[in-house]
Amino acid sequence: MKRKLNVNRNSAVSYSIVIALYIALSIMSASGLLGRKYSSLLVPVCCYIVAAIGLNMNVGISGELNLGQAGFMSLGAFTAVIVAGALNFHGITAPALVLLICIICGTLVAGFLGWLMSIPVLKLEGDYLAIVTLAFGQIIVNIINNVYLGIDENGLHFSFVNNTLQMQPDGSVLISGPMGATGVKTASNFTAGFLLVLISLIVVYHIMYSRNGRAIMACRDNRIAASTVGINAVAEKTLAFVVSAALGGAAGALYGMNYSSFAATKFDFNLSILILVYVVLGGLGNMTGTIIATTLLVVLPEMLRFLSIYRMLIYAVVLIVIMIVTNNQAIRMKLKALRKGKAGNGSGKGASVNG
Amino acid sequence: MAEENRQPILEVQDLGIDFGGLTAVNNLNMKIYPEQIDGLIGPNGAGKTTVFNMLTKVYQPTRGKIFLEGKDMEKLNPVEASHAGIARTFQNIRLFYNMSVIDNVKTGMHNHIRYSNFDAIFRTGRFRREEKEAQKEAEELLEIFHLSQYASLTAGNLPYGQQRRLEIARAMATRPKLLLLDEPAAGMNPQETEELMAMIREVRDHFKIAILLIEHDMQLVMRICEHITVLNYGMLLAEGTPQEIQNNPEVIKAYIGD
Amino acid sequence: MQFLSYLISGLGLGSVYAIMALGYSMVYGIAKMLNFAHGDIIMVGAYVAFFAISGAGMPPAVAILLSILACTVLGVVIERLAYKPLREASSLAVLITAIGVSYFLENGALILWGADSKFFPSNIFPQGGLTVGSLTISWLTIITIAVCCIIMILLMLFVGRTNTGRAMRACSEDKGAATLMGINVNAIISLTFAIGSGLAAVAAVLLASTYPSISPTLGAMPGIKAFTAAVLGGIGSIPGAFLGGLLLGVIENLSKAYISQQLSDAIVFGVLVVILLIKPAGLLGRKVSEKV
């Protein structure tokens, strides 16, 4: 019974934080308190949170390193661009409807390709598995970076070579190779981002605290023992991988609909790594932590802007120091002792259980 | 006992396995009967754990056959062996260390909980019903193994003796027909061993299953087992009742040496 | 003839990847960590050599030695400050720290040396090349391949024949047991980083001589490629890193020449996926199965 309460508390804390943040930020944004600079970060933060929650499903819950989350985001983003282009061309322009359809399509495409990729990926283990996800991430970005795609009355036109789309005069170019997506009619907004974060959280928590969620974690903790209680590790890991990819796609679709133009190289290896950093700093398997870490780490470079060119250097130092402080045994023990000393001796026991 | 009239639950015929030319187990024949506690003993390196690994299909035998309730297990993998009704514990405990005690047990029920991901995501009535049932069953199992008070504790934080018991509880959650225990009393003090023996008997009486256990504690083996198989150098050395084994000169020789 | 020429220049590129991959692979073998900052050490090595030659007017040989020295010190310092406190931590924590170090080096270089690319001097290696019939192979390519082979052989001898090499192998197998045998594990890890980073400087000079435009992000893509090469060959294996690097360079060059200039990365990584499916632990890696 106790455990059940804990489960509900975990997810309830996440939901409350997300809702509270949404309300607070909406008010601040509407009243101009937030400023243009931070307001423009609201949607990207939601994208990164959704992608990070998805990645945490794979890295934290399933325990498999994935270095290609940005690839799934780019699938979502460019799917959204194509779908939105097609919808606009046929006169469907209501932003909410376009965005909804785009996110659903982005999720499905990334999820489906994630499933296809999981077949080779999950045949491997450890660092070999990780490098194949890196490889797929690179392949996706490299291919999209060379795609030319447009739409006219005859339908979609596709090419790997510039200026060969042969479009009718009424047609419009949607993806233009290294230039990326062009002329996107933006449709994302903070409320949509907030809803997407909430839905992602619900999906991830509901899977985590279910039969398959337990099985996924069991395979992470001890694959051999899991197999002897009748759990098919590949099937369970596939589920985690696909959910992770699909959420990456959803995040990408939201992202794609937030900018009028963006290049495929936006979703390179660095972005995959960035999202991995959010996940690790937030805590493996800890969704609330992921949300907080993502928000802070997206905002931090902006807050450090006054440091001008030293900004990213400081950011790097902060990152290294955080990793050492939170992962070095000796420092952790010292911090624990300090905290215990402050809180008095009686409270030591209760604090350690939820760690 | 009128064993010969009953159908054995597990029958092993001429079982053998080689590792790179080295024969670890050879010509092993065994029969295990329902509701019986069997012991598998032998000196270190006799191949006892290897037998367990073959029975659970973690290793594929090189020769011979394994029949569970008369069905050939040749084509099964470990997952399917579990589905077929064999559960086990490990010599070096293998728990799901980052999960709670009760979740370890519920994970054992994986194949008896019937709902889809759709049910899970939308928290349907079916999900609630099945989870409630799983919770109840898991609590009952923890009760049997005296682990109720630890239900919400992370398994990795359990004391050693309790970890061994939790591993048995998790194995029982798969609703096996045959339970394999690999040195269940290893590292336990006499009092814990005493409790463990009572639990093993209770499990057999309550769930009416067959149990095969590997153990070095001879006192435990002789007191709890109704039938014993002795392995030496991967071969069958002797089998029989505890009494027969205790008085078998071959067995005494193997244990004490020439 | 054309094919042969692409093949040989591919081997040249592959040799640079191989030298970097050797550094990756050795560090992985001993410290069991993916040192994502390795590519950025290469960048630092290139800048040091650049300033030594173009700035201070040193002779190329001195500049190369200086660059090796600088990278060696840098590698050891990074290990001491950033990785050593995390010896007992999860590999993911170390990975993220390495990424932090990578950011640090890239942005440090940006501040010190600016974002615009600099032109690496072309007078380090002899110009022109060796002409056999209609085929001309540049001296740079020949030197690169030769240097790579020599490094590989020296490393094999060092790890296989010397006491220190034996200590390294012991650390790679089991650090606890190695400590009990009286091996100073910390010193061995430092030495590994020193060698790996020194090799990075050699790779830097060769890479910058081939692609003379240097900038703070110069190490990023070759870093990923070298990492890929190390995994392709079987990470932790010295001949594996060598083979993986050469193969990667050849595949990249041939696919650029015959299939598509733009899609060469997709092809390279596609080949990696296929090879790992056939050999899940890389070409020369060994698969360790868990004892039950």
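Worth a mention:
First chain written, first letter: the chains are A, B and C, and each begins at residue 1.
The rule is short, and it goes like this: a residue touches a chain if its C-beta (ideal position, glycine included) is under 8 Å from a C-beta of that chain, and two chains touch if they have at least 3 such contacts.
Keep in mind the model is a prediction, meaning the values are calculated, not measured.
Closest to the middle of the protein, by Cα centroid, lies chain A. Summarising the inter-chain layout, the chain whose CA centre lies farthest from the centre of chain C is B. Look at where the CA atoms of chain B average out and do the same for chain C: the two points lie 50 Å apart. Here the spacing of chain A and chain C, counted between their Cα centres, is 31 Å. Chain A and chain B, compared by their mean Cα positions, are separated by 42 Å. Residue positions of chain B touching 2 or more other chains: 58, 90. Of all residues in chain A, those that touch two or more other chains are 224.
Contacts with at least two other chains are made by residues 292 of chain C.
Contact residues on chain B toward chain C in their complex (touch as defined above): 49, 53, 58-59, 90.
Every residue of chain A that touches chain B in the complex is listed here, in rising order: 1-4, 6, 202-203, 206-207, 210-215, 217-218, 220-222, 224-232, 239, 353. On the chain C side of its complex with chain A, the touching residues are 28, 34, 36, 82, 85-86, 88-90, 92-93, 95-97, 99-101, 103-104, 106-108, 110-111, 220, 224, 227-228, 231, 235, 260, 262-263, 265-266, 269-270, 272-273, 276-277, 280-282, 290, 292. Residues of chain B that touch chain A in their complex: 56, 58, 77-79, 81-83, 87-88, 90, 94-100, 102-104, 106-108, 110-111, 113, 115, 117, 120-123, 127, 130-131, 134-135, 151-154, 170-171, 173-174. Interface of chain C with chain B (complex): residues 292.
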